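The next part holds the structures, each set out as structure tokens.
One chain, chain A, appears in both complexes that follow, with chain B as partner in the first and chain C in the second.
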Partner chain A sequence: MRSWFTARLPLAELEAAIRHKTVPQHRHSIWYYLGGMTLFFFLVQVVTGILLLLYYRPSSAEAYDSVQFIMTRVPFGWLVRSIHSWSANLMVGAAFAHLFSVLFLKAYRRPREVVWISGVMLLFLSLGFGFTGYLLPWNEVAFFATRVGTDIAGAVPYAGDTIVRLLRGGPDVTGATLTRFYGVHVAVLPAITTALLGLHLLLVQYHGMSVPPSVEERAKRENRPVPTMPFVPHFALRDLFGWTVALALLAGLSAFLPWELGHKADPFASAPAGIAPEWYFLWTFQALKYMPAHVLGIDGELIAIGAMSLGAMALVLLPFIDRNTARSRTIVTWAAIAAIAFMTTMTVLALTGGH
Partner chain B sequence: MPIRGHVPQSDQPAGRRSVLNWLLGTWSAGVLGAIAFPVLRYLVPPDIPEAPTLSVKGGAASTLAPNSARIVPFGSTPALVIRTAAGDLKAFDGTCTHLACTVQYRADLEHIWCACHNGHYDLNGKNISGPPPRPLAEYDAHVQGDEIVLSRKA
Partner chain C sequence: MTGAWRIGSVAIACGLLAGSITLRAAGAPGPQAPAPAVKPAAEAFSDDVHAKAGLTCESCHGPKKADGGYAAIARVAIAPLCARCHADAAYMRKFAPQVRVDQYAQYQTSVHGQQMAKGETRVATCNDCHQSHGIVPVRDTRSPVAPAHVAITCARCHADPARMAPFNRSPEIFNEWSKSVHADALLKRGDRSAPTCSTCHGSHGATPPGADSVANVCAQCHVREAELFKKSRKAEVFAALGQADCLVCHSNHHIAPPQASWIGLDDKALCATCHDESVAGAAVIKSVRKGFDEVLAAIASAGQVLDRAETAGMLVEDGKLALHTASEAHVRMRVLVHTFTAPPFDDVVKEGLAAAGEAQAVGDAAMDELQYRRRGLAVATLVILGFLATLYIKIRRLPKVA
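And now, the complex of A and B:
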């Protein structure tokens, strides 16, 4: 039996590769587990997303009722939907933590530039998943969040109107937008994500884990190699422990704090007081509140879009911006700390209702 | 590009190859373009012209108490009908000029407010505080019998 397979599949090579794979062991090794944890939440999303697909109906007339049906009538439907919502949030949280840990440990350095870029793209895709998925229950908060989120694109010079129409499937947020977001959420984004995730994981295997500069320099000074641990079973079991903790957290949150559905969207109702987007968009939301209508004659929204695009671009191109000298590494670290401080402050202000 | 160790016997094959490469490139670009163009056009939805709404009914005038408001559909967009504390009728396009949320009347402030980004408008629709860049468009509001009628300003 075994020989039948070994003759047809590269099992021996695979086994040897797994046996020889090691992971560097040092005082920052704990951060190596965040990528795997993000992957875990992504897998949960795939499974629960497929389950939700079986009952969900993507039209403005039926979407809300179908989600309500899932939550009230389908056995364990409330749990599946709650897990999908919580896991989405935990996945974005884990992805952000993964990004910043990789940034602080300078793991984007040569030859891992492509790993970094694919990772940043995956984070953007997660935000895309979050934005499109948020609308699908067709509730009040989601309706206005989508109106605001898509309207921002209208500030882009020349192409603004076309982009808004492209995003909404028409001039306004309607059932056409819902159908479009549904298609993007369940087909377009998963396809791109799967391909990019494959590349990301393949490259991580190919290059191995990055050793932070401080650990590398110390090993060089002391003239000894960086200690390692075998991937199987040492690292894999630790990873498994992390996944178990993640699963426990997810199950606890989903069961004890089930995700709310809210009120059905009504295009002819005022935006309710206290309306806010998902927590990971809160800082942009708060910054938009502070942005004056015009700054030096330029449209405030345009400035917001410009700043966000520049920030995103700088994040993607970080491996090329950092010249990999001690000085430029320090600058990157402080810039990242400033970015985190800004995002945290804005989020706290949004949560405490600051105007 | 010649393969290492392979010397073309004359210019003829290399020239022929570049023609073939050119044809292959042009053909690929043509095929990709023929696929991409309809796909891109398909993604942008068609314009469906709507008959412009000139006037709508805004509900009974007697049920709209002073210092309160209601939202009524004006075509496909919401309109805000306000009875001011002084008893005057006012009507505005209900879509915030900032990022397209639907505004509401705040009885405590006696003016118009948008919950999304804390934009404020006075009772003439003028943007007075927060991020809105422009005033709200005003509609004519008058009463026929007991029915409020909203119409676009001429």
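And now, the complex of A and C:
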């Protein structure tokens, strides 16, 4: 049997490549496992998402009831739905942690620019997954949060109204929005993500793990190579450990904080108190609150959206902005620390209802 | 009555009307209705139902005077003038076959009409409620006598202390009604069938109902309650005491949502106004209160657990149906309390408790299922943690990399 496959597939070469593959081993190696954990959560999303697709009905009349049916009548449906919801949040959290760890380790440097750009795009896609998926259960909080979230796009000059209509499939959040979000969530985003993820993983394997500049410089000073460990079994077992930690976290959260369904959305009811987006959008939500109505005659919300768009653009183009000098690396590190501090402060303020 | 006096009385009436409109706009308490805009007569008349029917200024005012203007109509002459057409069935049929033609006859029986007949021109006549030149049908929501606006139209005079003082009437009636369950239903929930002033007092024949007819007035809507009350011993007792039936417990204008706490012999209970522990009915009073307390507590408890379970994503339709049955039983209890006896009431209490118990059981079962799931996942988490520990030991035992 083995010979049959070996004759038709490059199994021997693959086996040799895996046997000879090594991974740098240093005091920052632990951050290498975050990418694997993000991938694990994504795979969980794919599997649980496919299972949910079997019963979910994407219409305003049936969406809530179908999720309730999944949670009450489908065997282990409650578990699948709870894991899907928690895994979505953990995936975004792991993706953010992965992004910042790569940024602090300066792993975006030449020749890994495309790995970085594809990674940032994957983070944006996971936020898109979160935004579109949030509405799908068609519950009260999701409905009004989506209304607020899509409203923000209206601040864009000239095209704002068109963008809002494009997002919602009409002037307001309705069943048309739900169908649209569903299509994007289960078809458009997965297709783009699969392609980008394939490219990202291929390039990671091709270039290998990046060694942080400090480790490289130290090895150079001491005139010795950077220590490595075999991919199999040393790194693979550690990666498996990371995946299992992620699984334990998922099971623990689903056990002690089961994801609730809330009340069915009523488009004609007034918005209940405490409407807020998912935690990873909270900082933007809070930052927009602090913007004055107008700054030098320009709409405050527009300035905030412009600033965030510029920030996102800078993040994508970071490998080209950082000239890889000690000074520019320090600036990037402090800018990232400031960004994390700003996002954390805004999120905490939003959670505590502070002003 | 001289011409000058007629003009003067109309001017005073218009002044008082304008003054009362200003008072409402200045923020008098209670719900607000759009104050009728004071438009010039010709402009207002262009949108008047009479203008649309082909009537003109001359139809009411007669021919123009020498100076080109029209003579004002004396207040005492307004109702008879309107009645010329509105009491003529043959004439009115041409415009609206089903329109009533008894308004003037009713008005003559009303306190307003009787006072007007005596020459008291400060009381209301047709145009005070319907306007003079911008009259629209009652079913038109702009009408000052449309259901949502009736109370405010009445309040223009009846909430004005200066206007009410000469007649020895309280100006607080509108404020009291504004806080009532009826005002809530009409103005907040938009229930057009909820009672406003004219529902109980009549519109054209507006007269306060006497003590002996209060139950009949309330019975227009609260049919079953009135039926039970009239058959009860209380009806005889109240009649003998000359007390106004329903009003004894519910009051007249500030009718609050009924509370279980009204029943009982403690200081806050209404029953304690007349009864104490020594009376024969004390046991019934206590039993009725106990029934209310038990059913309400059971409904609240079941409602809470069902809400928690539903928010957690559990299907509790059977429980919600049972809770609905319990709530219906509670409504029936509130009706049956008007028998002032224990037997039919106690049976409904049992039904309510049984239904609420069923709802509670469904909710509890759903919460138990949630707990069961949680325990299962906790076990799975422990297994995963065990695997993690094994993996950790295996990694530690791997040969060291040079």
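By our rule, the second predicted complex is superposed on the first by the 355 of 355 C-alpha atoms of A that agree within 3 Å, B and C clash if a C-alpha of one lies under 4 Å from a C-alpha of the other, contacts with A are read in each partner's own complex, and residues count from 1 in each chain.
Quick note on the criterion: a contact is a pair of C-beta atoms (placed from the backbone, for glycine too) under 8 Å apart; a residue touches a chain by one contact, two chains touch by 3 or more.
Since we're looking at a predicted model, the values are computed, not measured.
Engineer: Based on the shared chain A superposition, would you classify chain B and chain C as clashing or fitting together?
Structural biologist: clash
Engineer: Using the touch definition from the top, say if A:I152 reaches chain B (first), chain C (second), both or neither.
Structural biologist: Once the two structures are laid over each other on A, A:I152 reaches chain B alone.
Engineer: Quick one: is A:W4 in contact with chain B, with chain C, with both, or with neither? Answer first, second, both or neither.
Structural biologist: It touches nothing on chain B or chain C.
Engineer: Going by the contact rule set out at the top, does A:G274 touch chain B (first), chain C (second), both, or neither?
Structural biologist: first
Engineer: Given the touch rule stated above, what does A:T162 touch, chain B (first), chain C (second), both, or neither?
Structural biologist: It touches chain B, and chain C stays clear.
Engineer: Considering only touches as defined above, state whether A:M71 meets chain B (first), chain C (second), both or neither.
Structural biologist: In the superposed model, A:M71 contacts chain C only, not chain B.
Engineer: Which partner does A:A251 contact after superposing on A: first (chain B), second (chain C), both, neither?
Structural biologist: The answer is second: A:A251 touches chain C but not chain B.
Engineer: I need the one stretch of chain B that runs into chain C once the two models are overlaid. Options are 56-64, 74-82 or 110-118.
Structural biologist: 56-64
Engineer: List the residues of chain A that touch chain B in one complex and chain C in the other.
Structural biologist: In chain A, no position sits in both the chain B and chain C interfaces.
Engineer: Going by the contact rule at the top, pick out the chain A residues touching chain B in the complex.
Structural biologist: Touching chain B from chain A are residues 144, 147-148, 151-152, 162, 165-166, 169-170, 172, 176, 267-275, 285, 288-289, 291-294, 299-301, 355.
Engineer: Flag every residue of chain B that touches chain A in the complex, lowest number first.
Structural biologist: Checking each residue of chain B against chain A gives 43-45, 48, 71-73, 76-78, 80, 94, 96, 98-104, 114-118, 127, 130-134.
Engineer: With touch defined as at the start, can you tell me which chain A residues reach chain C in the complex?
Structural biologist: Spelled out, the residues of chain A in touch with chain C are 25, 67-69, 71-73, 78-79, 81, 227-230, 233-234, 237-238, 240-241, 244-245, 247-248, 251-252, 254-256, 258-263.
Engineer: Under the stated contact criterion, what part of chain C meets chain A in this complex?
Structural biologist: Answer in residue numbers: 310-315, 370, 373-374, 376-378, 380-381, 384-385, 387-388, 391-392, 394-395, 398, 401.
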